[in-house]
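Take a look at the structures below.
Each of the next two complexes has chain A plus one other chain: chain B in the first, chain C in the second.
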Partner chain A sequence: MRAFELVEPATLREAAASLGADDSTIRPIAGGTAIVLMMKAGVFRPERLVSLRRIERRHAAIERTAEGGLHIGAMATLTALEHSADIRAAAPVIARMLRNHSNVRVRNVATVGGNLAHADPNMDMPPVLIALGARVTTISSDGERSIAVEDLPAGFYQTVLKPNELIAALEIPAQHARRSAYLKCTTRAAHDWPTLGIAVSLGDNDARIVISAATERPMRLTAAENEFRDPRKAAEAAADTVKIMPDARGSIPYKRQLVRVYVERALRAAMEAAS
Partner chain B sequence: MNKIMRHGQVGRSAPRLEAREKATGRAEYVHNLRLPGMLYGKIFRSTIPHGRIRSIDVSAAAAHPGVYRVITAADVAKVVPNPYYGPAFHDQPILAIDKVHHVGEPVAVVLATDPHVAEEAAALIVAQYDELPAVYDEVEAMTSKAVVHDVLKPAGTFPDLKHLQGKTDTNVALDFHLRRGDVAKAFAEADHVFEHTFRTKAVLHLPLEPFVSVAETTGSGLTIHTASQSPSFVRIEIARLLGWPENRVRVKVPYLGGGFGAKLYIKLEALVAALALIVNRPVKIALTMEEQFFTLTKHASTFRIKSAVSKDGKITGRECEVWWNGGAYADIGPRITQKSGFTAPGPYDIDNVTIDSYSLYTNLTPAGALRGFGIPQLVWAYESHADMIARALKLDPLAFRRKNILREGNAQATGTIMRDAAIEAVLEQVSARMDWEKPFARSSGSVKRGRGIAIGFKASISPTTSVAIVNVAADGSATLYCSTVDMGQGSDTANAQIVAEVLSIEAEAVRIVHPDTDVTPYDMATLGSRSLYHMGNAVRLAAQDAKAKLADLAREVGVPEGSNIPIAELFVKKYKMQAGNIIGTASYIPSYVPPEAETGQTPNATPFWMVGGAGAEVEVDTETGHVRVTRLVNVGDVGTLINPRIVATQLSGAAVMQYGFTMQEQIETDGGQITNASFADYKIPSILDIPPMESEAVDAEQHDGPFGAKGVGESGTFAVSPAIANAIDDAVGVRISELPITPEAVYRAIRARNGDPLEDA
Partner chain C sequence: MSETVRTIRFTLNGETRTAQIEPHWNLVDLLTRLDLFGARESCAQGLCGCCTVIVDGTAVSGCLHLAAFADGATLSTIEDSHGLDAVQQAFIDTGALQCGFCTPGFILMTRQLLAAHPDPDDDTIRHYLAGNLCRCGAYAEIIEAVKLAAKRPKA
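Let's look at the complex of A and B:
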């Protein structure tokens, strides 16, 4: 690791302004759990890091909206989410998922914004948020915009965010009577990044079924969603259609089998979950 | 069961002497050491598995701001003319000379006052190679055209390696053979013959404190501060490399953050010594976690085992062929090949046995000792094989083992008569804890339950020596000087208890001086569970020597025999003030007879035997292949217990480590390149992975051990892997023959058994 400049702006707006429009050696740093690993591995060698630690406290807040949804500042830590009464009330699946997410040291510092901007395909939170229909609001010198979490990843470790665009907040709509579940499958150790993640959100007449980790990016399994009333059929449809990425955690045929098993189990878990 | 000795010091769970120091961050580690003017070295490593070095361009690195100097083998040659080291072979150069033999081999070192500058600059070095064909598989290495070393260079310390001197065109770094009885006849007359092959992959020690060494030149020579398990060996080997007398090399070892066999013999010490001599400033090299993957692994292995069995289940003959993947440098591999090799037939009473055990060079990271010295690889094979035979003959696995077990007084494969080896007791205790003879609830839907047992044994490495000094000061306080390295196993506490028992004082009052070869006497090394027996005996004898001298002193000053006059007053009576001291010393070397070269036979193969048994209960998810170990029972024969709590944690810690090697860990390679060199991708067990465990020792005694004790560090590793594989077979009827047991491997085996194999990757 070589020396670099660290700036600590006092506001989110200033932070966005300190980022270059197209300089890949300047990046924001939030919890630092992902970006520092990339620096240690030498795959990212920054000239400047823009720390978000000193920006306004409100960007770490978790609030219930008037409609019954959630507004979560980008700097909220995963631990804050895990223990928030509002999250447990409005989207308990998030709190349940976080219990098996990384480890307590990582959760204590990792942030929602960093998690979503990192765009590692092997993650647990994005599929859950996609299933819940969540969106992020962003800020840049061009102003603010809203992006569905589903549309955020652009590929392997890539997002649609512009280099000088920051995630400001996460918006989760009211879930009303929807029931949700998330199943994480690991194959090398209990505390590993997922080999496969399946998130399900069930309404009366529809389901959102989202896969992560086994695929190039988190995505909806539309073929399975169309069969959601019959978990076994949905599982077969998912296994038949999904394009799987092999890695050290499992081969393509094995991960396809895991998809078959976990889509069915996740759907059944959602059916049994409280709304 | 637990024997408390007369003075109550041996046999009690004394809290670890160093616990407070460690918990409050005061314990000394080499990682924290900074010396005035010290330079940090960063190693530039080979990126190819095998090749001739065409050029090394260090100009950009040397010109990098802040760099003090860049060193290559050419510089090393000026201070160490023949810079090859190693315990069994002098095959490992301090920095690569002419050739590189594995990915990650040290080629050059950048020195700078800032470690980050050294790291940046190391990335600027450019080496060019002419690549050579490489070999990675231990069985292929027997016959491959790719040959790792041009000439074999045994160190000369081991007689059974002498015949390899100067050999060319071979990757075999040792072939060990044992012949007992008439195996051909046993197979010809057998009712049943079973033959299976088992494999293990290379795994890693991964102490949380990676390798670290500091060297400084002094007026008289060199001082090396190092995280080493073998300070005496380091001193002797550095002295040999430099052509110096031993007393010019001083080796100091504080606490270690784990070792597990990684930090044995020489690792970074020769390199920092050469660097310090070249630049005449203190030099420190501290490896990263990633660099541990390039330094030392546990041997990958292949074991072909074949048994002749009578129809009532008696094993009448056994053929063992074992190939050990030693990587690019021999390290201690040849000793593993022989010392562990001779137990390859397992703890069974078999009249006709052959063993052929081969240590192979390959173009991978060197392999060495790892908590068990090769035994877990062997037990994996012979105890999986045992269950496969029992199942085929429709015999209960416990009954089959009882029928064949090696009992006290029986001859082991070497011909050595078994003494103080509680093999039978361990087997019985495992099965009792497992309620083996009671019915077992098996299935709940797609998740199937099963259980398995296994038992393994090990001989202590021999002949080895330990020396200890017990110093009683004029106020009666006692200090132990010994070169056993406490790397977390609790040796300081156990040795203090032994001193305390002999001198009738409190263990907590005994001070231990850590290894410093200018101060503490010789010890072969802290390895192979040898220390409590060898050093423990030396410590006991040294304390007895001190006690005898105190008795002499009492007589001299006219104190009647059996008086309870405080020790301090004896000194005052003699010296008229608080002055003087009593030095007790002893050295211990057990008897041993080397095996005959052709047959491997010897009447005295080892000073003592270690025994470890395990029982596992599992749940197998037949839809995904996930295995959950719901219960793991570990039982060991460790002789009497000097410190029961430390014994229990050594057994459970060893079992956890082997559980990782069984279910999770493997070094993944692609064309000789390691693709998972980090904790992110090489998964050791976390608290969430560890199964519910019960760990205990059988009631036993090693007649010539200190107070009846013997080693305990490794026994908990022996039987874990096959116990789990046997339980999986019991649950779902599939046999996994290669470690680690991944969910995908289990799922594939289930599909194959169902006649519907999963397509290849």
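Let's look at the complex of A and C:
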């Protein structure tokens, strides 16, 4: 890695102001687990990194909202989520998913904001958050806005965030009687990156079914959602319609077969899950 | 290069230290320059745990952790010891190492594991240590060592 300038502002607002409006060599750094890897690989060569490590501590808080949902600061670590009693009560699927996510040391430092801004299409948490109907609140010199997690990825490693826009918080709505499940298929070890991830959130009259690690970005499988009452039919509809992107972990026919198997299993798991 | 050098202050294995660092250094770069070689970079991608360092009480992969983030922190490495503790002794007694390259990381992670789960079952041990790789394949003995350490009184 080459030398660069590191700044450590004390507030989120200052951090946003330290980012360039259209300079791709200036990036925020949170846990650093993704961006340091990209720097080591030479795919990202920063002139300046803006560390979020010293911003106000409230941006790492996990809180239950009055409506029964969750407000999670962008700097909350995955370990904090994994062990939070509020998460276990309001969205237990997140805690279950995290047990098989990366490893203890990565979870100890990786943050919610960094996880969502990274926009790697092969991740475990984004599909779960999309299924739960989560949104992020962002801040930039233009002010604040709210973006559905579903709309955050703009493609392969790309988001709709502007270069000087920071994720401030994640908002997960109250799930009421909805039941959720996430199934991760790995081909080498249980904690590996997913070869396929399927997240399901089931209501009385609808289902949200989200695919990860097989398409250009995590996305809802609407053809399967329309057949949600019959898991077998839903799985066939998903396999017939999904546009798969192959990678080192699986070819198109292999991943298509995994979709056929895992959409059915994930729907059945959600049906059996406690709400 | 020199214009980006910064001075950081931290506690290392109980001693207050200062160091001049470059912003792109990671914790392993910092520690090796201080003649500490227990945390070693192997996979360099956060996967194997050979570079494990305890920062403010939590385990991190030194290979992905900027040295600049150590400013104001308390670091503990495998060198932070006064004689062998129960975990180290259990690794020796069960033969849970061959070349020993992975051992500092496994010992540090096992201490964290036992602090969180004093009497772990196999499943808990496997999950917790899934991010540590032993190229010599001493996994069966490592799990035995963790269980043995759990049974022994803490020093």
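As a convention for this text, the second predicted complex is superposed on the first by the 275 of 275 C-alpha atoms of A that agree within 3 Å, B and C clash if a C-alpha of one lies under 4 Å from a C-alpha of the other, contacts with A are read in each partner's own complex, and residues count from 1 in each chain.
FYI, a residue touches a chain if its C-beta (ideal position, glycine included) is under 8 Å from a C-beta of that chain, and two chains touch if they have at least 3 such contacts.
As the structure is a computational prediction, the values presented were derived from the model and not from experiment.
Participant: Give one of first, second, both or neither to describe whether A:Met245 is in contact with chain B, with chain C, with both, or with none.
Facilitator: Neither chain B nor chain C is touched by A:Met245.
Participant: Have a look at where A:Ala189 lands relative to chain B and chain C in the superposition and call it first, second, both or neither.
Facilitator: A:Ala189: touches chain B and chain C.
Participant: Contact-wise, after the overlay, does A:Val261 reach chain B, chain C, both or neither (first, second, both, neither)?
Facilitator: In the superposition, A:Val261 touches chain B alone.
Participant: Where does A:Asn108 make contact in the superposed view: on chain B (first), on chain C (second), on both, or on neither?
Facilitator: Touch status of A:Asn108: second partner only.
Participant: Looking at A:Leu37 after the superposition, I want to know if it touches chain B, chain C, both of them or none. Which is it: first, second, both, neither?
Facilitator: In the superposed model, A:Leu37 contacts both chain B and chain C.
Participant: Applying the document's definition of touch, where does A:Arg2 land relative to chain B and chain C: first, second, both, or neither?
Facilitator: both
Participant: Quick check on the superposed pair: does A:Arg53 touch chain B, chain C, both, or neither? Answer first, second, both or neither.
Facilitator: After superposition on chain A, A:Arg53 lies in contact with chain C alone.
Participant: For chain A, give the residues common to its interface with chain B and its interface with chain C.
Facilitator: The overlap between the chain B and chain C interfaces on chain A comprises residues 1-3, 37, 103, 189-191.
Participant: So in the complex, the part of chain C that touches chain A is made up of which residues?
Facilitator: 1, 4, 6, 22-24, 26, 44-47, 49, 52, 58-61, 64-66, 68-69, 109, 112, 127-128, 130-132
Participant: Within the complex, which stretch of chain A touches chain B?
Facilitator: On the chain A side, the touching residues are 1-3, 37, 41-42, 103, 185, 187-193, 246, 248, 250-254, 257-258, 261.
Participant: Show which residues of chain A lie in contact with chain C when the two form their complex.
Facilitator: Going by the criterion above, the answer is residues 1-6, 8, 29, 32-33, 36-37, 39-40, 49, 51, 53, 79, 99-100, 102-106, 108-109, 189-191.
Participant: For chain B, which residues are in contact with chain A within the complex?
Facilitator: Touch residues, chain B against chain A: 116, 119-120, 123, 623-626, 664, 668, 675-676, 678, 680-681, 683-686, 688-689, 742-744, 747-748, 758-761.
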